[in-house]
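This structure is in structure tokens; I'll ask about it shortly.
Labels run A, B, C and D following the written order; every chain starts at residue 1.
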Amino acid sequence: MIIKLKDTATEKQIAKLKNKFLKEGFELHESLGTSTLLLGIIGDTTVIDINSLYAYEFIDTVLRVQEPFKKVNRKFKPEDTIVNVSGIEIGGKNVVIMAGPCAVESEKQINEIAPIIKDAGAKILRGGAFKPRTSPYSFQGMGVEGLEILENANKKYNLPVVSEIMSIDDLPYFIEKVDLIQVGARNMQNFALLKELGKIDKPILLKRGIASTIEEWLMSAEYILAGGNSNVILCERGIRTYETSTRNTLDISSIPVIKKLTHLPIVIDPSHASGRWEYVESLSKAAIAAGADGLIIEVHQTPETALSDGQQSLKPAKFRALVKKCRRVAEAVDRTLK
Amino acid sequence: MIIKLKDTATEKQIAKLKNKFLKEGFELHESLGTSTLLLGIIGDTTVIDINSLYAYEFIDTVLRVQEPFKKVNRKFKPEDTIVNVSGIEIGGKNVVIMAGPCAVESEKQINEIAPIIKDAGAKILRGGAFKPRTSPYSFQGMGVEGLEILENANKKYNLPVVSEIMSIDDLPYFIEKVDLIQVGARNMQNFALLKELGKIDKPILLKRGIASTIEEWLMSAEYILAGGNSNVILCERGIRTYETSTRNTLDISSIPVIKKLTHLPIVIDPSHASGRWEYVESLSKAAIAAGADGLIIEVHQTPETALSDGQQSLKPAKFRALVKKCRRVAEAVDRTLK
Amino acid sequence: MIIKLKDTATEKQIAKLKNKFLKEGFELHESLGTSTLLLGIIGDTTVIDINSLYAYEFIDTVLRVQEPFKKVNRKFKPEDTIVNVSGIEIGGKNVVIMAGPCAVESEKQINEIAPIIKDAGAKILRGGAFKPRTSPYSFQGMGVEGLEILENANKKYNLPVVSEIMSIDDLPYFIEKVDLIQVGARNMQNFALLKELGKIDKPILLKRGIASTIEEWLMSAEYILAGGNSNVILCERGIRTYETSTRNTLDISSIPVIKKLTHLPIVIDPSHASGRWEYVESLSKAAIAAGADGLIIEVHQTPETALSDGQQSLKPAKFRALVKKCRRVAEAVDRTLK
Amino acid sequence: MIIKLKDTATEKQIAKLKNKFLKEGFELHESLGTSTLLLGIIGDTTVIDINSLYAYEFIDTVLRVQEPFKKVNRKFKPEDTIVNVSGIEIGGKNVVIMAGPCAVESEKQINEIAPIIKDAGAKILRGGAFKPRTSPYSFQGMGVEGLEILENANKKYNLPVVSEIMSIDDLPYFIEKVDLIQVGARNMQNFALLKELGKIDKPILLKRGIASTIEEWLMSAEYILAGGNSNVILCERGIRTYETSTRNTLDISSIPVIKKLTHLPIVIDPSHASGRWEYVESLSKAAIAAGADGLIIEVHQTPETALSDGQQSLKPAKFRALVKKCRRVAEAVDRTLK
């Protein structure tokens, strides 16, 4: 970390600042430019809140040299992490597809869609039991009953399930019934929840917040790893920009950036990113070509009657065709999609 | 709500769609342009999830005519809501200032700062006991002990307190010890939490999410009002944009927009919006001139040693000067700042 | 177009408004909801500036039903446009790669790089002669001399060239020496320039503005087509968002959106989008998988000494490898890359 | 400027890089952290394009210590610049209001509105003769005839005029007929135009680009000052964000940021920032309270019939009331509005 002092900084102020860092166990390195005094702080600066240093009125700028994340850092662990979701490996050579309806609506619905998506090539069943809805007047999900329906489908079709958690209080149900616990975009910085998820060893699908930087996203993953749970899969689902022709803007570049910065796997959610079923195939192929480890896609038998997000759900036939096309792209980039 | 159908829509599809709406109790109004069929849906369309209609492949566009929020809508309640926070009225002619440190750090700290901010003109004491921090390695707050310190300061100095809640589990402590419960930007769409806050009658300070639209913000307020608690104060604290010279971008326009759309009061947080103490005075004056009902400002005896957000905290003398200047601006727009 | 009137609108006001539209040759369609009066305006509403209608104080909302663009609209011309750049077709089954240095630096440089990129598989040579630089102290380009160097390289290696125009005054040189005239992101709404380009028949590469919506981008293309020049190729080069780990955010979704809205071809610039050579390969493959008609990539013999944008330029060996990988992806989506 | 090298950098690479900077006349300062090698580059680093250094594969990060702008920098000239627009001083104690229609529509219109806005308190008349319109089918302005109308109004009412230039070719007309030449948001990075404006001595009103950073805006001003013209007034007119309830988002914080970074004056355009006449008064008062040196406001006799931007134009009576209210705010922050 490098601190640039203002020209007006007094010797006394500088001495006090230097003393503070020395006391905290850092080494200092002083450097004098033509007109500016720079102070290099050497040691584990990830524990320093850089912004807070601006409270010193005589500090002009603070420049960070190290990333603020540790355990998720690829420099800390160079080899790729492979997360095992009840037998399905994510982060290896094989690209994994998760699919299913936005919301669990009934036992019948899930029992119909589960074999369809499995047969088409999906390896994990998705379905929301607790739904974060912008409006209090929209369908809020079936709750624990929804989780039970997923659990039963898993037993019947041998298809691990992923579902979103919205409250710490529901954690026991998720541990029991779900194979992969999803943290939604709106809860990416629900730190109380992240801390609890760090204490278990179940895999976590951590969605990127709608306006989170990649660094903040990795810091949220760091919360989970710091707590002791290293089974984290990142999920990019579109970020908020000024463009309105799609629901969000898929940040496709996040794939190579994530691959560079961290050892954790990354999957893409083209359904939420685009918000329109007609764009999902194009984005799915792009994600695999760019190097994603998997996809999570909304599929519904009758999107028109879906209780949530029908506009971005694919019908079974379209989903089946999409998987075939994605397989060809996977092979063209030396991956498999089994 | 108006639905524009594609040219390719068949008579059968149209009939099915019309039937759906009629069954749900809506009236229909059909209109034929030169080349397009428009369908007007008449009734309480706030219950319809507009996006989901795009699941119908033969629908081209859906246009909303009504706002999706009801109880927070100024059309529903034209007169301003005044929220009473333990005797302090927010939303009336008087502009209210809340001030204090970002985080509660010790009993000594709070006992020193409380009389200072009160004497300078603040009416409510702020202080975080549970802190949402991007890094798991940063100070996470004193927890319940911090709330007790605030409660004691309130008793001692007769100064109502506001503090941020991060987890439903802590709600009983907040009900007992805090006068105004803050929902932070990261939890604006923590719907499980909002629902619980709708069940109590304590005033809520609802911060805008870092990338939330004004409409989403009002929908989150609607969650609380729909639950039965109408004591909601909105707080704009800067939104995320591409500009990096300030921590966030204060959306000053949100003040007149909010005043037009809703009857709820709005206060501004210039400290988080700018992220630098040197910009706080300018933004505070602007907020009052634009019509804000109050301000929430970070003040710290020694920002350099603050455990959180020292860079945006004012020293007592600067805060005192700021209140005086704000009072002059308040009077220039026919408000008071007592 | 649908106009929603305020409840307070008087009969006289409504009559006046209706009269205005009737005089302008539109048909009207009136519709009465439970509480709102809607007015449908039928005819070619692309000529109406919707925003300006809000000047009527009694108008609540104006909803557009038609897209504001005509000649670029796929509804107007359903089949794909193929633009012929001196023999190279863009917009057909074959994916076309354009490559070369950010800036023309010398005759020697261009004569070295031209055969390299041609041999690797590129079909068009890029090189900036007039450079838009944020700083007045940066290299501003070789000007007309640079265009001559490109022209000579074209003759020598039979390789059409693309270069950016910054001023109308230079147009005669571009018409004479360049095969494809690039309008840069900063000039996407330089309407005086667009009008001039509409008067010629040379192909135009129209880059998307750094914060332009897809609709604004298409409206700029409409300027050129409305002038009479239908040889327009769109180029997405990343948009500005809050994310800073890449220079811009590549809007990969723009590919399927553009394919839906317009008949014009689209190429992707992964070099400017990411701003880092290490991400270019991943984004190039993604672009082709998503359906792009071509790529424009920065290549430099020695990026370290490049006078502009060295950080995002590939070395020849990496570019050669990239083309091979892109060819495999192209084939996996039933395209060719010859 | 500080360069952080990768661990993999070889001695030979480092030596080559150091040699390059030494040759260019910089001093070097080497510093070794626990695990990283830092290289400090001392001298006038504003001439270095920082991004281009990333072309060196063994460079990890480049950190800038100096601002990239020189002549506009307040460190270079601490005292405020006051720009004299034909007798009207901008940047001093008095807050200056410019007002008038979006577009010049006829001699009659201007001759009516000019005395109205002057009488209400405006000091400069605005009016667009060349209009940048998103659609080629919208009114494009009266051109040179519009400038003549403004010139005549100036002579008749002794009211200096400001108008937007869109093409270098029109510069002679602007020099002759206009007192303050406006560079619109879309042309903020039309560097060919900026260079020409640097060669004259007429005052320039430089609007911020719709998605430009404050730094880029100052770099565009630097183009003009570097050319020799120091009569530059900055104009904030709202930036593009995800929020759609206003046309743009007024970046009110830019006022204190600009006041800190540069000596140039800043005025605010609340009409374009909000895009709705009903928000203009609130934003005008906020701008003055925050420290703006002036306002530029759209006023029209009959906004409903305006050929451009009627939705954001105030009627004369509302404008007159606004000026009175703004005067009170100006006085409350120790400014005048004469």
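A few comments on the model shown:
Simple rule for what comes next: a contact is a pair of C-beta atoms (placed from the backbone, for glycine too) under 8 Å apart; a residue touches a chain by one contact, two chains touch by 3 or more.
Predicted model only: the values in this text are computed from it and were never measured.
Taking the mean of C-alpha positions as each chain's centre, the chain lying farthest from the centre of subunit D is A.
Of the two chain pairs examined here, A-C and A-D, it is A-C that is joined by more C-beta pairs in contact. For the pair subunit A and subunit D, the distance between mean C-alpha positions equals 39 Å. Separating the centre of subunit C from that of subunit D, both taken as means of CA atoms, is a distance of 26 Å. Rounded to whole angstrom units, the spacing between the C-alpha centres of subunit A and subunit C is 31. Along subunit C, residues 211, 240-242, 244 each make contact with two or more other chains. Residues 211, 213-215, 239, 241-246, 249-257, 260-261, 273-274, 278-279, 282-283, 285-291, 325, 328-329, 331-333 of subunit B are the ones that touch subunit D when the two sit in their complex. Per the touch definition, subunit B reaches subunit C in the complex via residues 2, 4, 27, 29, 31-34, 36, 38, 40, 42-43, 61, 63, 65-66, 211, 240-242, 244. The part of subunit A that touches subunit B in the complex is made up of residues 46-47, 49, 51-56, 68, 130, 132-138, 140, 166-169, 186-187, 189-192, 195, 210-211, 216, 219, 222-223, 226-227, 240, 247, 275-277, 300, 303-304, 306, 308-313.
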